[in-house]
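Consider the two complexes below, in which chain A is the common component and chain B and chain C are the respective partners.
Right after this comes the complex of A and B.
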């Protein structure tokens, strides 16, 4: 009986650790001056939105058992393309955003092709692709930053808080809406379930008749398109974009990766949720508003990441100890859990 | 499962909204009210304005830079010449054409498009709180920061310093945090000239006096900046180029090592001297422009390649930095036995001074880091005292060579 209680609480922590992380940050916020102000929450979540788009893409690929390292450069590329098309060609924002997103779709298709048809490991394929993107950006801009110039109208819309009582910017609300849509697709559609299946066990997925190449390519397309859309919106939201974005501070790629792991998405694929990543990234965005020094931010995020990894390692060790001894242990545990409720 | 997510999200959102609307934990505004009250008390009792002016004057008279110059000296201003076309037309000109850089060189803003700046309280700087947001960690920045804190303390202001470590998005975050803290003024050294417009727009929109220091912002940003203080990078680099042209006897080939691409020193320290030489000495050719960064080894490699490629046609090198870049360039020249190549740089650091003394660096421009900070604090103080402040004011400059380097020792950083 005593053991059962421990198992339940351990399971609860594992499944909800991103929520616990966010709750911890919100509680700490109660003791921080000026934390709970409309401006602070709106600015912190707005500034953290770009990384949420990156986390969204990274999580989808990771659930499918792959890594997409192009996410950061993809978003920067899209931001530069969007600002460049608007500033130089005078195209409307909607067209610029659409073209930038389509560029993301194209990059996703290429990544998918490299991984599925040429059988290049996703780590290597996307690592190469990120340098292709970086080189393209240098050719396009000559190393210079691009800005929205005097055209602040749409930027102001993205920065505004459209719902009076909600401390969230339009940009953050759009970001959240897309995360929810992807979550619904992954959870409630056949394609979504196939993503989990190929990530969990590719062989089983193949035996089940799933066309893994198509699903994998689609996962990369979702990832790149999300990052491109997020990057384009971020370029307008912040008013500028530069090639070296994120290279000198805490890398957005690393933050997205960290949040994906903290959220509970399995590194080997097959398990995870974009909502878990979203919650972790919101927590990290708010954490930055609490711990103002970059060094402390890095330290706290690292401590939480280490905590999660140690926890996972111990959990895996305990799970492996039971392998082979009682084959139906998992079913039994679920049955017991059901009874306890 | 979806219902669970939705319930958790809605509950969390409502909780955060409620906390925000009720201002839970929002003691900052209280402290600001307390500060205002204490400021009013002190002004009614001991005349805070008179005391502030006295403190400011004393600081101006007494505080010296480490190289024994006045730290809070009055800034200089320049008349902006007429531009020979709009920005779009000038952009099409050749890089070596002075006119091309008009809108980079002069903060020629349209006053009619100015945002509504907060009015000066005119109750003295004493007791005011300022937030300084620098661009990133560097020996120069440490020197600036310490001088800023020293000057603030001397005039009775308190200050907090945020360092985004050269990261644009981190600096954006700090701008938001600073606005959220509602200080009496915010001073920013922008990471990027192009992005400064949006940053200062936010600060001014929040009703906080915004000051820009050191890094030249894009001209349009001035519509949201109460005052800019800093070095006149273009002017000092043009002077340096004139001196170099004179040394070269009006002919030869010059190559350029730049600052970080896209920053205001990138344009000023590359195209300032290039266009000046083209204008004053048409027989001097620009051979190449490279941006290897600030590592001595990378610069050494670039200069070695130049020596191989251009041989005797390479007669001078203009550097954006007189520390690591100068070390790399002088080492490459020494290794190739080309001590005849004249090297000039923007300065001035300890390494630069040593290289000038040893004769390896011919000239460096003098840009006082501490006077830069001192002028910023002086301008902010004058604003709080209700005085008329210049929208743009520059620190003094000089050209340092072997004959006058002693006047600027010990170096500030």
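Right after this comes the complex of A and C.
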């Protein structure tokens, strides 16, 4: 009886590890000076919002069984495009953001084409696309940093905390809203279920009549478009956009990957949730506010990531050991033997 | 009419098999000659672009020097790709750690420092190989995460500083001499134009070719790369073989890292950034199959050469570093597509 209880709790911990991570960070925050202040939390979550967009994209692709490495340069490219169009052509913000998002849709379509039609492994295809984006980004800006100039009106709106008692900026609230919309789409629509199915087993999904190519391409489009939108908003939020936007000692792509895995999304696809990634990314954003030193941040994040990977790998290894055997029957037989004795 | 024929199996009309059995000629040529066609084509383009000065000794020297580091690391990475584990994302930090350990222990003399640098690379390879070979961790995710962990550890230990061999070395003559030797290994020329780095690269390639094609280990690795389950059930010790492959990779990467540190005169955690991508490009250019089980060291050497010559030509045209990224990305995508396509046409993927 005692044994059973421990098993359930271990499973529970594993399922809810993103929430536990957030709780842990919040508890540690109690012992840090000036952690629970309005300004600190709104700044931490606002600065962490860019990575939330990246994590959103990465998680959707990973649920579909693919990896999207273009997300980081996609968001930077969109930010540069948005600020550049506003500064040079004088277009209104809405049009700039729309164009940047459309660029994201285009890159998503190219990624999907490379993966589904040319049958290149998604990791390799997006690795190549990453460099194409990097090159075109440098050509567009000449390596310079763009800023929004003196047009602070929209930037101030994004930086504001619209709901009085909540310490969250508008940018973070928009991010959260989009994450919840994507979660609802993935969980309650036919398209969303199809994404989970092609992630679980591509061939079975195809045999079941799902247009797997279309769904895969759609997953890449969602990922790239979300990153482009987030990147454009981040450019306006922070006022500047450079080639290394959001890169403070640790690549945002790495944080997105870390959060996706800590959240519990399966590495091979078919299982996971955008909300888990969101929770663990908020936790990482707050963690950055606790540990001020970049070196310590990297070490802590990496240690948690490695812990999760090792746990999952060994769990899978132990599960694979029992393939072909029937542990349930064995246990039942042992039980009956025990009773009869 | 057709239904009647189907009902009567004894009719004389023979069934014609309309499936295609002939193999696309282009695919066959590309698959066999592979990268060296590309190399020759690139050399011809280079001759046109550089107006005949392509074969000047200084240009050959600069190409060889530029590809020396990539060649060293690629000669190890080929074993990973060949064994069906795609790529090793921890190459940047393996290089960085190799260089940093060598610089940090320069006080014990030059040979000991090099040995410790190589051993640290082998240790990283051992950990990678144990997790991937024994517990079947996802090779990309694991090596990527391990790269981040190593970067965290290295940055905490050395507080994100850069190490200079002449500053780390004590004031004794012995240590200073070791530091000077360390700096000079990347700047030694044998004869007039052939640098030591290029020779080390070629020697490593020859050793890798020998291990890859002439030993039992290479044959085992081929079977593992083609089909892991079959290899396991035919009695191959997969764990041991994969661990060996990862150790070879770690050693090669750390040798590359030591030369990198000697060339730049500094060792820091950022030393190997970008080498994971460029080495993978070279290996894939050499005709190695991403799913494993196909590829050769000779082809990889061609891939390394092609990568170097391509960069050289882009410089001749007058493209900057940033425009090169775009062209490299496009070439990478095209080559990978060609690789996948020709293998699919041959029914090998």
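One rule holds for everything that comes next: the second predicted complex is superposed on the first by the 321 of 341 C-alpha atoms of A that agree within 3 Å, B and C clash if a C-alpha of one lies under 4 Å from a C-alpha of the other, contacts with A are read in each partner's own complex, and residues count from 1 in each chain.
Going forward, a residue touches a chain if its C-beta (ideal position, glycine included) is under 8 Å from a C-beta of that chain, and two chains touch if they have at least 3 such contacts.
Nothing here was measured: the structure is a model prediction, and the numbers come from that model.
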Superposition on chain A - do chain B and chain C clash or fit: fit
Which of chain B and chain C A:267 touches, first, second, both or neither: second
Contacts of A:33 with chain B and chain C, given as first, second, both or neither: first
Contacts of A:96 with chain B and chain C, given as first, second, both or neither: neither
Touching partner for A:294 - first (chain B), second (chain C), both, neither: both
First (chain B), second (chain C), both or neither touched by A:167: first
Contacts of A:41 with chain B and chain C, given as first, second, both or neither: first
Which of chain B and chain C A:19 touches, first, second, both or neither: first
Chain B versus chain C as contact partner of A:143, first or second or both or neither: both
Chain C versus chain B - closest C-alpha approach in the superposed model, Å: 6
Where chain A meets both chain C and chain B, residue numbers: 143, 250, 294
Interfacial residue positions of chain C with respect to chain A in the complex: 86, 131, 135-138, 140-142, 144-146, 148-149, 151-153, 155-156, 159-160, 277, 280, 284, 290, 322-330, 332-333, 336-337, 340-341, 344
Touch list for chain A against partner chain C, complex: 67, 114, 118-121, 123-125, 127-136, 138-139, 143, 250, 254, 257-258, 261, 267-268, 294-296, 298-303, 305-306, 309-310, 313-314, 316-317, 320
Parts of chain A lying in touch with chain B, wherever the complex brings them together: 19, 22, 26, 29-41, 43-44, 47, 50, 142-150, 152, 155, 165-168, 183-184, 187-188, 238-240, 242, 245-250, 252, 275, 288-289, 292, 294
Parts of chain B lying in touch with chain A, wherever the complex brings them together: 1-2, 5, 8, 12-13, 15-17, 19-29, 31, 136, 162-170, 172-174, 176-177, 179-182, 192, 194-195, 197-198, 201, 206, 218, 220, 261-262, 291
